[in-house]
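Each in structure tokens, the structures are laid out below.
The two complexes that follow have subunit A in common; it is paired with subunit B in the first and with subunit C in the second.
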Partner chain A sequence: METRSRNLYLIPYVLWIALFVITPILLIVYYSFIDIHGNFSLINYQKFFTPVYLKMTLSSFWYAFLITAFTLIVAYPTAFLLTKTKYKHLWLLLIIVPSWINLLLKAYAFLGIFGTFGFANAMLEVFGIGTKQILFTDFSFIFVSVYIFIPFMILPIFNALDKLNPTFVDASRDLGASGWTTFWKVIVPLTIDGVKSGCQVVFIPALSLFMLTRLIAGNRVITLGTAVEQHFLVTQDWGMGSTIAVFLVIIMAVIMFFTGNRKRGL
Partner chain B sequence: MKKLIQALVALFVVSFLLIFWVDKLNSSQGYSGGNTITVYNWGGYIDPTLIDQFEEETGLTVIYETFDSNEAAMTKIQQGGTSYDVAVPSEYAIEQMVEDDLLYKIDHSKIPNLKNIDERFLDLSFDPGNQYSIPYFWGTVGIAYNPTLLGDREFNSWNDLWADDLRNQILLVDGAREVMGFGLNSLNYSLNDTNKDHLQEAKEKLEDLQPNIKGIVGDEISMLLANGEAAIGVVWSGVAADIMWENEALEYVVPEEGSNLWFDSMVIPKTAKNIDGAHQFINFMLNAEIAAQNTDWVGYSTPNKAAMELLPEETVTDERFYPSPELTAKLEVYENLGKEMLGYYNELYLQFKMHKK
Partner chain C sequence: MKKKFKLSNLYLVVIFIILYVPIFYLMFYSFNSGGKMYDFEGFTLDWYKELFQDSRLLIIVLNTIIIALLSAGISTVLGISGAIAIWYVRKVYAKNFLLSLNNVLIVSPDVIIGASFLILFTFVGIKLGFTSVLLSHIAFNVPIVVLMVLPKLQEMGASLIDAARDLGASRWDVLSKVVLPYITPGIFAGFFMALTYSLDDFAVTFFVTGNGFTTLSVEIYSLARRGISLNINALSTLLFVFTLLLVVGYYFITKRNARPIGLGARK
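For the complex of A and B:
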């Protein structure tokens, strides 16, 4: 009886996974072996290992890494500070609110802010630095991406810090550890899972960002996401687009594996 | 757990009520079945008051959707998720769609206003006899520039863009055919060239242009140029007209080596549910007064001879938008190069985009 009802509960889960996870991945893998003429071939994989796509993969990685690193640098202290405030959940909510606004809208807002005659340059002018080109640079791309991803990094870190039992910190201080040592030896190891899941949530989408590369970076930054978009919409070469997607899936799986909790092994 | 169930039930009830409400709203406004038509057009490509007028005159309700590239439009029509009744793709896309059997033939007897169209724009190579398409607007690709920001310099040739003192001044529209096309034109090759050596040469030449390029952007190019974000843009003639509307300082020129001549035409995709309505819409848009009003609003060049007579003299004699016969002779229409060649164009375009300054 019990196993039967458990099996019953499994149905929605299995259906969901089969329809929306396994089928799409299989379709992508299938398409990745199809060339433009609809024949089965390995040409797409061959093409992926040409300098163009390898360079693109490397640069996607590099930008995703930078975005994740800067997001972490901003998010960890913020989350730490939030847990110390009185109305922490209210403050947290305020940080999350911007993520309810449509991404495209925020990107357009930055077009105005970073423009030659925008707010950012007006400020630079006031401080006597003079107008700089901000839009369509690596800086603007990383800045806007970091801004967009920050809430996703803060949430898991905040939860980890919030769950941290304060008596551990007290004990560490009582036993004579300095604030710095307490932080590195007690707080960081106990919240590392939050950091890991935050990094996953940021790094993986950052790897395939495509809209910002055009709007904010003026196609000065080309990521794998841009190439996937182009192959599906412009070239109609679904095979090549799928091949890149397959590599993205593989890369993500590898990242999940290395940043996952491998408690059994320890 | 109890709270969770309560929340779920509340969500369900709210969603249900909303659906019911939307449905009610729709039926009260007449959005149901046979009395709507879905129009799929480029963004900002119709005077919105004309849609109201059409709805009033015919009692049909128009659902208006936009796209920003021919390829995106073709993909969406092919997938068939939405039943578009009228779409307005460009000539090479129409050629491809005819080949893929995605279009209905147009019944000319239902479009009496077809007589308003200038014969120069009928029976063109991409659709002989206009079996599948009726011209909507036409135009060119050229250079829009801001003389006040550039010390009154002029542009006559594509090669002027490569000047050393134009660092970080140029915005390009993000299109493989457009960018590769002017690269080829600057070398005096045809923009339909399929010789791989020529294409490679054009790509390398374009890579040399990189230091002068500020960004490669989409529709936001008109806003950026009007705001003076950059002094030069390689754009479609209509985008240039838009910008000049906003900022009179700008100029537009079709370079002497030649450029692209394009046509956007109205077609009826195979997904259409209201074929009669589609014909009514096409005929409505060809009406002289309607077309004149639309041309005035959109700013592209109209193929409608009767409408041109209603437009101000300075509009229709403006050689920037209605080029002289000598220049027109040098303009080329994009040919459908086939998927493989298009793939090659895009591959080179991607390499060009990845080339760092």
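For the complex of A and C:
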């Protein structure tokens, strides 16, 4: 009896998995072996291992790394200080609210702020540095990305810090450890899982965001995501786009393997 | 010690300012009669008037809301059945296998979801437009609902169902009188998350939207690529207010359940 009712629930769900999880992956893999003329070939994989694409992959990684690193540097202290405040869940909610604003609107805001006559340049003028080209540079791309990802990094770190038993910190201090040692030897190791999942939530999208590179970096930065979008929607070379997508999936799986297996790691 | 405390507060304040300045910057200039995102000339509501007279944009807003409500509703039903199915599975490896498949769409980058769905719809022969956007929104919302409902089911425990069965409840009674009432908070949280994911989505929609049909995010993107127009500012002010209302609603829903479900996996 129980099996029957289980199967009743299982059928629509398994159908969903088959149709929207497994089929798309298989189709992507299939298309990665199709060249631009519709024939079966390995040309896309050959192309991927040419310097053009390898360089793009490397620079995409470098940007994603920088974005993740800066986000972590900003987010960890914020999460740490948040757990010390009085109404910490209300403050956390206030940190989360901006992440619920449409990402494109935030990017659009920076078009105004970083524009030639925008707020940032007005500030530079006040300090006597003078007007600079801020928009369409690496700086603006990384700044806006970090801005967008900060809440996503804070959340898991906050949860990890919140779960941390304060008696460990007290014990460490009582046993004579300095504040610095307590932080590095007690607090950081006990919250490393939060950091890992935070990095995972930031790094993978950072590899693949294409609207930011288009709007903020003015096509100067090409990430893997931008390349996929370019091949699918502009040049209509679905085969090459799928090949890059396949590599993105592989990279993602590797990252998940290293940051995700919390239970086995402990 | 006192001084250190103040310094830390300063840091938090700076972070808050940085997080909120761009949003308020947008809202501030939506009242600028100068027509640019600098040099505030005078107060005007013209951009809002223009916004409400733009029937094309209003249709897009309506489309976005319809897609969000429909996809959230359908994916909630699918997600509940999925969560119950996973919960019924007793073998650990089968459960983990289903859960990993469930999580694929959550961790996949949007570009990949969008691109693969584009291939899928072309392959199956579904015309790009309302149907394809709705289907993909349902698709990426289902796993979110599952993740929101599953913890509630696990909290419930099997003995409650056994008791209901022993006392002669039919399968339908068990579902409607025992299981569903127990997991209602999870269902609400899941529906809400699905709603916000759908409203927020840009990348997936961008891939599968085709020519005739547009949602708000895609429209904002194409407007922003053309440069600055204060219509977008006015629109974003309205959206911000709307988002705030949603957040407040969400806050009260989770508050009523005594613990925030959506805000990370707190045990």
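List of remarks:
In the analysis below, the second predicted complex is superposed on the first by the 243 of 266 C-alpha atoms of A that agree within 3 Å, B and C clash if a C-alpha of one lies under 4 Å from a C-alpha of the other, contacts with A are read in each partner's own complex, and residues count from 1 in each chain.
As a convention for this text, a contact is a pair of C-beta atoms (placed from the backbone, for glycine too) under 8 Å apart; a residue touches a chain by one contact, two chains touch by 3 or more.
Keep in mind the model is a prediction, meaning the values are calculated, not measured.
With the two structures aligned on subunit A, subunit B clashes with subunit C.
Of the two partner chains placed around the shared chain by superposition, subunit B and subunit C are both touched by A:Phe117. Once chain A of one complex is fitted onto chain A of the other, the partner contacts of A:Leu248 are limited to subunit C, with no touch recorded for subunit B. Once the two complexes are overlaid on the shared chain, A:Trp100 sits against subunit C while remaining clear of subunit B. For subunit A, the partner that touches more of its residues is C, with subunit B and subunit C as the two candidates. When the two structures are aligned on the shared chain, A:Ile222 is found in touch with subunit B, with no touch to subunit C.
In the superposed model, A:Gln133 lies in contact with subunit B only, and not with subunit C.
Judged by the touch definition given at the top, the superposed model places A:Leu10 against subunit C, while subunit B stays out of reach. By the touch criterion stated above, A:Asp237 is placed in contact with subunit B alone, subunit C being left untouched. In the superposition on chain A, A:Arg214 makes contact with both subunit B and subunit C.
By the touch criterion defined above, A:Ile36 lies against subunit B but remains apart from subunit C after alignment on the C-alpha atoms of chain A. When both structures are laid over each other on chain A, subunit C collides with subunit B only at 77-85; the other stretches in 77-85, 311-319 or 329-337 stay clear.
Common to the subunit B and subunit C interfaces on subunit A are residues 108, 111, 115, 117, 214-215, 232-233.
Against subunit A, the residues of subunit C that register as touching in their complex are 8-9, 11-12, 15-16, 18-23, 25-26, 29, 36-39, 78, 81-82, 84-86, 88-89, 98, 101-102, 104-105, 107-120, 123, 136, 139, 142, 146, 171, 196, 199-200, 202-203, 206-207, 216-217, 220-221, 224-225, 227-228, 232, 236, 239-240, 243-244, 246-247, 251, 260, 263-267.
Within the complex formed with subunit A, the residues of subunit B that make contact are 69, 71-72, 74-75, 168, 171, 174, 176, 214-218, 220, 223-224, 227-229, 339-340, 342-343, 346-347, 350-351, 353-354. Against subunit B, the residues of subunit A that register as touching in their complex are 36-37, 52, 55-56, 59, 108, 111, 115-117, 133, 135-136, 214-215, 217-220, 222, 227, 230-237, 240. For subunit A in complex with subunit C, the touching residues are 1-2, 5-6, 9-10, 12-14, 16-17, 19-25, 27-28, 31, 74, 77-78, 81-82, 84-85, 89, 91-98, 100-113, 115, 117-119, 122, 147, 150-151, 155-156, 158-159, 162-163, 200, 204-205, 207-208, 210-211, 214-215, 225, 228-229, 232-233, 238, 241-242, 245, 248-249, 252, 256.
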